[in-house]
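Note that the chains take the letters A, B, C and D in the order they are written out, and that residue 1 is the start of every chain.
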Amino acid sequence: QDAGGRIDIVVQPEPPSLMLGLVQNGPTQLVAGDIYESLLRYNTDLEPQPSLAKSWEISEDGLTYTFHLQDGVKWHDGEPFTSADVVFSADVFLRETHARMRSSLAYVDSIEAPDDQTVVFKLKTPFGPFIGVFEAGTMPMIPKHIYEGTDYANNPMNATPIGTGPFKFESWEKGSYIHLVKNEDYYLEGKPHLDEVYYRVIPDAASRAVAFETGEVDVLPGGSVENWDVQRLTELDNTCSTGKGWEFFAPHAFMWLNNREGPTADVRFRQAVMYAMDREFVKDVVWNGFGKVATGPVSSKTNFYSDDVTQYDYNPEKAKELLAEMGYDGTPVSILPLPYGETWQRWAEAVRQNLQEVGITVDIDSADVAGWNEKTSQWDYDMAFTYLYQYGDPALGVSRNYVESQIEKGSPWNNVEGYRNPEMDAKWAAAAVSPSPDERTKIYSEIQKEIVDDVPVAWLLEIEFPTIYNCNVQDLVTTGIGVSDGLRDAWIKQE
Amino acid sequence: MSLITTILGRLVKAAITLLAIAVLNFFLIHAAPGDPAAVLAGEAGAADPLFIAQLRERFGLDQPLYVQLWSYVKNVLTLDLGYSFRQGMPVYDLIAQRLPATLLLTLSSFVISLSLGIAFGVAAAARVGKASDSVLTTIALLFYATPLYWAALMAVLVFSVQLGWLPGFGYETVGSGYSGLARAWDILQHLILPALTLGLFFMAVYMRMTRASMLEVSQMDFVKTARAKGLSGPVIRRRHILRNALLPVVTLAGLQAGQLIGGAVLTETVFAWPGIGRLMFESLEARDYNTILGVFLVSAAMVIVFNILTDIVYRIVDPRIGAKS
Amino acid sequence: MTDAILSIDSLTIDLPIGADRPHAVEDVSFDLNKGEILCVVGESGSGKSMTANALMGLLPDGVTVGKGRAMFDGKDVLTLPEAQKQAMRGARIGMIFQEPMTALNPLMRIGDQIAEVFAAHNLLSGSERRARALALVKEVGLPDPEKIIRAYPFQLSGGQRQRAMIAMALALEPEILIADEPTTALDVTTQAQILRLILALREKHGMAVMFITHDFGVVAEIADRVIVMRYGQIVEAGIAKQVLESPQHEYTRALLDAIPTGTVPELAPITTAPALEIRHLNKIYRTGGSPFRAAREVRAVNDVSLTIAKGEVVGLVGESGSGKSTLGRAVVRLVTPDSGQVLVGGVDMAALDENELRKQRHRVQMVFQDPYASLNPRHRILRTLSDGPMAKGVSKQQAHKRALDLLEIVGLGADAATRFPHEFSGGQRQRIGIARALAMDPELIIADEAVSALDVSIQAQVLELLADLRRQMGLSILFITHDLRVAAQVCDRIAVMQYGRLVEVGPVRDVFHAPKQAYTRELLAAVPGAGWAMEKEDATA
Amino acid sequence: MTLWKRFATNRGAVIGLIILLCVIAIALLAPVIYPGGPWKMVQRPFLVPFTNGDLPLGTDTLGRDVAAGLVHGARVSLLVGLVSTVMALLIGVPLGALAGFYGGYVDEGAMRFTEFFQTIPNFALAIVLVAILEPTLGSITLAIAIVSWPPVARLVRAEVMSLKRREFVEAAHLAGLSNTRILVSEVLPNAISPIIVMASLMVATAILLESSLSFLGLGDPNIMSWGYMIGAARTVIRSAWWLSFMPGVAILLTVLALNLIGEGLNDAFNPHLKKGRT
């Protein structure tokens, strides 16, 4: 493993901030994943691995989690990292700022630090997925000595983030690049290997591809070029690609179908939509063969997936029958695509074409990111494309889209479609708190079987975002979070 | 003296206009669906309404619109552009950071388009009606009629990917550690493609104007006088026709120059040029109100300043103006 | 002839396809002798300018020399290569153009424009050029030469600009000076100065002058020899006195006959009821006022009082810029006076509100100076003539009928009604303008330089028409002109204006033969060929 | 010489006119030539042009017929160009005319209003407007019109200001015609030629603007326009260059044609030039 060197990675779009405790969007985590760490990491099978915690124990009843921290960890400003920081981060800071973490923390009774190197989480009830929340994007460690007692959002130090990670923040030329340099005091001997990392802001997808070709950047994280370019780029000399590194997120694409009103309120219509779509075609043409057609709410990449569900293969005839049966009168429905580039646009066009062919009157609505958020979170749509992360466990990433308690205007990430099924809600709840993995698997299978017949949303594709990189870069993706988990292990093979 | 008083008068008027523009812009921007909090929440991948409410409160978006307007106007009156909540820094700093890149790009493309446009226009006018006139005109039109974003990508593919002569994007070699002349040289190399693409696009406009104006002036009586003096064709064109023909071009250039600041959204996007046009576009998408308003205000100020500059240039070029009014 | 410096031999100039005729001039031959002034006269479009331009090698694009030679110093100037033509222009043949307003580069200082002549021929050093320019400016009699050479053309009056042009043409002491209607646009006093200057320069430098004009007064004043042109051909040539006194060709005779003689006509009986009363009228133009700077003021009309009786024609004369047009426009309320009253048939026009005014407007009409500019190029004549009456409430049918009648009256014929303005000649257009004024059945007509733009033969027709109309309809007319001879011919009384004031008002005969004011005498003296015209008048009388 | 004859002496302008007429014909006939519309996925994606007789220009990323796209795109591009220009004229001409004709406060007010639209760079303003109104054919056209009218207003104002001092206008005042009547029937008809010249160029600019908006993702996803086609194909420019090239050429030809026509009209309306040319 050669030491030294620099890599350039595309980040798109430019993150609004690098303070991972305040902002958790994709680009922020991509960069901040090098700066901030959490207690654990997860390998590509989503098994927990040591990070800031060198070891941990879970009590038999699943209510007590004890973590033992690494020795000699220092913040980038030289202050020691201790269990007090962990308590501050989880119990004080993130409770206030981190929506996703907040819902998991609802299960937590107390967080205590018996000594400088030990942290104990006590839960109110068992919570199956809890071991999965110690990832940097979910529970980043925040320096207590900087933030305690301050107005978090307006703390001037947000501009120069301080973490414990393998790289330190150096500079940020807005609109151009973010520069990180090696953390010489990193607690793992010999790591990181790289001297510096540049995250490059290149707003145009075609230009990003060119940047890779001309050797300007070494790594194209998943989703940074259009799918049509992926094939071509991977065929270039000395170019490698991997589909790994997305297991934790397991992006799951589907369309919100408005269950409240319009034709989409009728289950037969929703089923017809499922039959009318040629999802294999989209996978092959729009996604260039990457990914896998989704069979239901749970991604096959995560545990608890079940394929014992109704399969909606491409079947326009069946769709037409269903439509005839419900007496569809040609009421127009609209599709709201995701405003994330050409791929999503083409996808919406393909779906529109499919639906038109079975006799559905349909047109495409269009909106930018803000408009999309506004429309989905205000329930002002018929069908809206989205993709959501599964975060390794249905209780974290999936159930929020289907349970009645999550029907709340104002957010695009909850039960936006307005699906109500109390019987099902009980099962989701039971699965989340069951201490036995087998039990959970069983309940989730039942849920999947049933919900797939209801088609609350139209599942589309388990998306795969291949990471394209220069083959000289080694050990780029080592965890289930991929490039976003930092470049702790990456190194450059010197020729 | 008269020049100074006139400029002062204009500046006072300009300040009032600017304020009115600021208010109108405010309403314009707030008419767009969605707000910065919703966008931030949307990007977060998970957000509950509580989170969004927190954001709104932090950004002051929970206030009634007129309160927001009032605090914005107060800011503007104290020459404060406000704070970008999204980017976590004062809008003034944000713009100051991005403005130089845009000015460099647009000014150089402005110089390119103006000088090439005038040169082509003069050349075409001198050959009016001949085949070479049509060829020149058509070449200029080709640059104009090719969609900018397509031409830009083509330029990158040819000169950067295929030939490897010039860097394809960015403002400078990232992390090169250059300074002084070496840095200037590096930036210059990065500048060539975007500045040319943008410059050639606008060239057609100046060329058309120059050509028409040259032809018109060359029909004027004083040109005949100049010929009667025994001056040679080139001297007449340079000293007599061109100077007079440039007057309308100056007007147009002044208008265009004012628009420089935001006129390069496409070029900046394709060439990853860290300029203000992109800042504007990205802020718009993110509904980063203060930033867009700041960019618009700076741009409006720029337009007004350039209008005044144009007037001054006009006075210098045309002695009649100052005397008449 | 031995002392011919330039001899032109069967010159033919071809016009491009689509022009009104195939040749601008055809088979023209004449000589220009050393030190003589040769006047070229003839009607508009007869090819005078083209001949001059051909000699300079300055024909417009598309117009070419068909055949012929022009021998100058042993060479044919028509076939010289461009480089040699360039060397010749300015240095050996100088030229002055008609339009002093536009013939100078507006963006260049006068001194530079003069010095440029030397530069064009690579003569002298920079400082010498400046010195010579200064000397030339002095020589042509421009006031305050130091200031003039640093001035821009817009800062000079028309006469001053024309002098600057002459300075340029004289810079290299050319052997030949071609002057293409150099005084047409100038008022009489300025015109007289320029003519004197040219004569003086001829004495001093001994150059030959080819002087193009259509003003026979000018010819009488300065010509040694005369050439009369028509339709591109020379119809008569000879010693000036001979041509003027005993013209051979009938066209020459026609031209000479058409010249207003200055004969004072019989006084028509004039009723005492006033058609127009102007009382203490004032108009000040303010320009360029801004909150930071005082405005420049021009007192265009300064306390003017004047009465015009029913059926009377009053001539308003005075040099350019004296306020004649402003006064006329104030009467019809195209400019709003600052103070004073304008009573038309007893009604104060100045006090009317916009609506009332629109209703009263038909009572005073105006015939504009430029007949082309005053007709909407996109309207047919019928519409031009009937829009006004219809706005007044006349029915469409009646308005049309009246329009056709009027066209007959002004001698155009009813079929003119369906044509557009550009299809008429200047004189015809002027008559349309008159018809339009008459269509409104006015009590008073303001005729602002209604005939100045016309050549003499057409001018005569229009004057005749006005006289007729006045007799038939009993119109009152305020006749604005700077041509005293024209004024003498048509007016009952003359008002002389200077710097916005009326300096003298009186019956024509009194004003002309016994002017009371020095300024009036100055004006009269400046009329070109005054002596000749008087002789002529005496001869006919 | 008639206007048409003078126009016809300019060879470029005639070529431009012919091209434009062809484009218009194609646009009008689109539903006849390709009744199925441009969105049908008819073949495998990325079919190379000239390899399949039924699909002469090949297929795009989703297997849609490129030729059908071009033909239907002509409709939209022309429609956007024409309608936005007409709208811009409808705003700009009256405003400019009133400002120029009445002067004073009317002028001051109208010009300040115009200035507001000119202080935001026009492409930026178009982006903002489309973002606010959400991209539909109508809102895009409206946005383009809104950013294009200020120059029209300024032009018309300048023309009217000079025309209103012309003597035939004064004559009309003397004839007792009302102001409105004078403005509408005496002044404006004489300002028509520079307006026409400008309009022909505005159509071209509008087509380019639409395509630029499309590129930024601000196009109407339900209509096939040339700008859409280029924008959509730009990302595959390396593997299927023809996809963006064909609509690019279509835009280029149309814009070129409009410019040539504009130039020709300019020359034809300009009396100075007719002498210069043989």
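Criterion: contacts are C-beta pairs under 8 Å (C-beta built on N, C-alpha and C of every residue); 3 or more make two chains touch, one makes a residue touch a chain.
Note that this is a predicted model, so its numbers are computed, not measured.
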item	value
Comparison of A-D and B-D by number of C-beta pairs in contact, larger one	B-D
Distance from the mean Cα position of chain C to that of chain A, given in whole angstrom	87
Rounded Å distance, chain A centre to chain D centre (Cα mean)	45
Euclidean distance of C-alpha centroids - chain B vs chain D, Å	22
Mean-CA-position distance for chain D and chain C (Å)	46
Where chain B touches two or more other chains, by residue	32-33, 153, 157, 269, 284-285
Sequence positions of chain D contacting 2 or more other chains	131, 134, 231, 234, 237-238, 275-278
Multi-chain contact residues (two or more partners), chain C	none
All pairs of touching chains, each written as two labels joined by a dash	A-B, A-D, B-C, B-D, C-D
Chain A - residues contacting chain D, complex	205-206, 209, 225-226, 228-229, 231-232, 285-286, 337, 339, 341-342, 345-346, 348-350, 352-353, 363-368, 371
Footprint of chain A on chain D - complex, ascending	39-41, 45, 61-63, 131, 134-136, 217-222, 231-232, 234-239
Interface residues, chain B side, partner chain C - complex	2, 5-6, 8-9, 220-222, 224-232, 235, 239-240, 243-244, 317-320, 323-325
Chain B residues touching chain D - in the complex, by the definition given at the top	17, 20-21, 24-25, 28-29, 31-33, 128-129, 134, 137-138, 141-142, 144-150, 153, 157, 204, 208, 212, 215-216, 219, 255, 258-259, 261-263, 265-266, 269, 277, 280-281, 284-285, 292, 296, 299-300, 303-304
Chain D - residues contacting chain C, complex	1, 166-168, 170-178, 181, 186, 189-190, 275-278
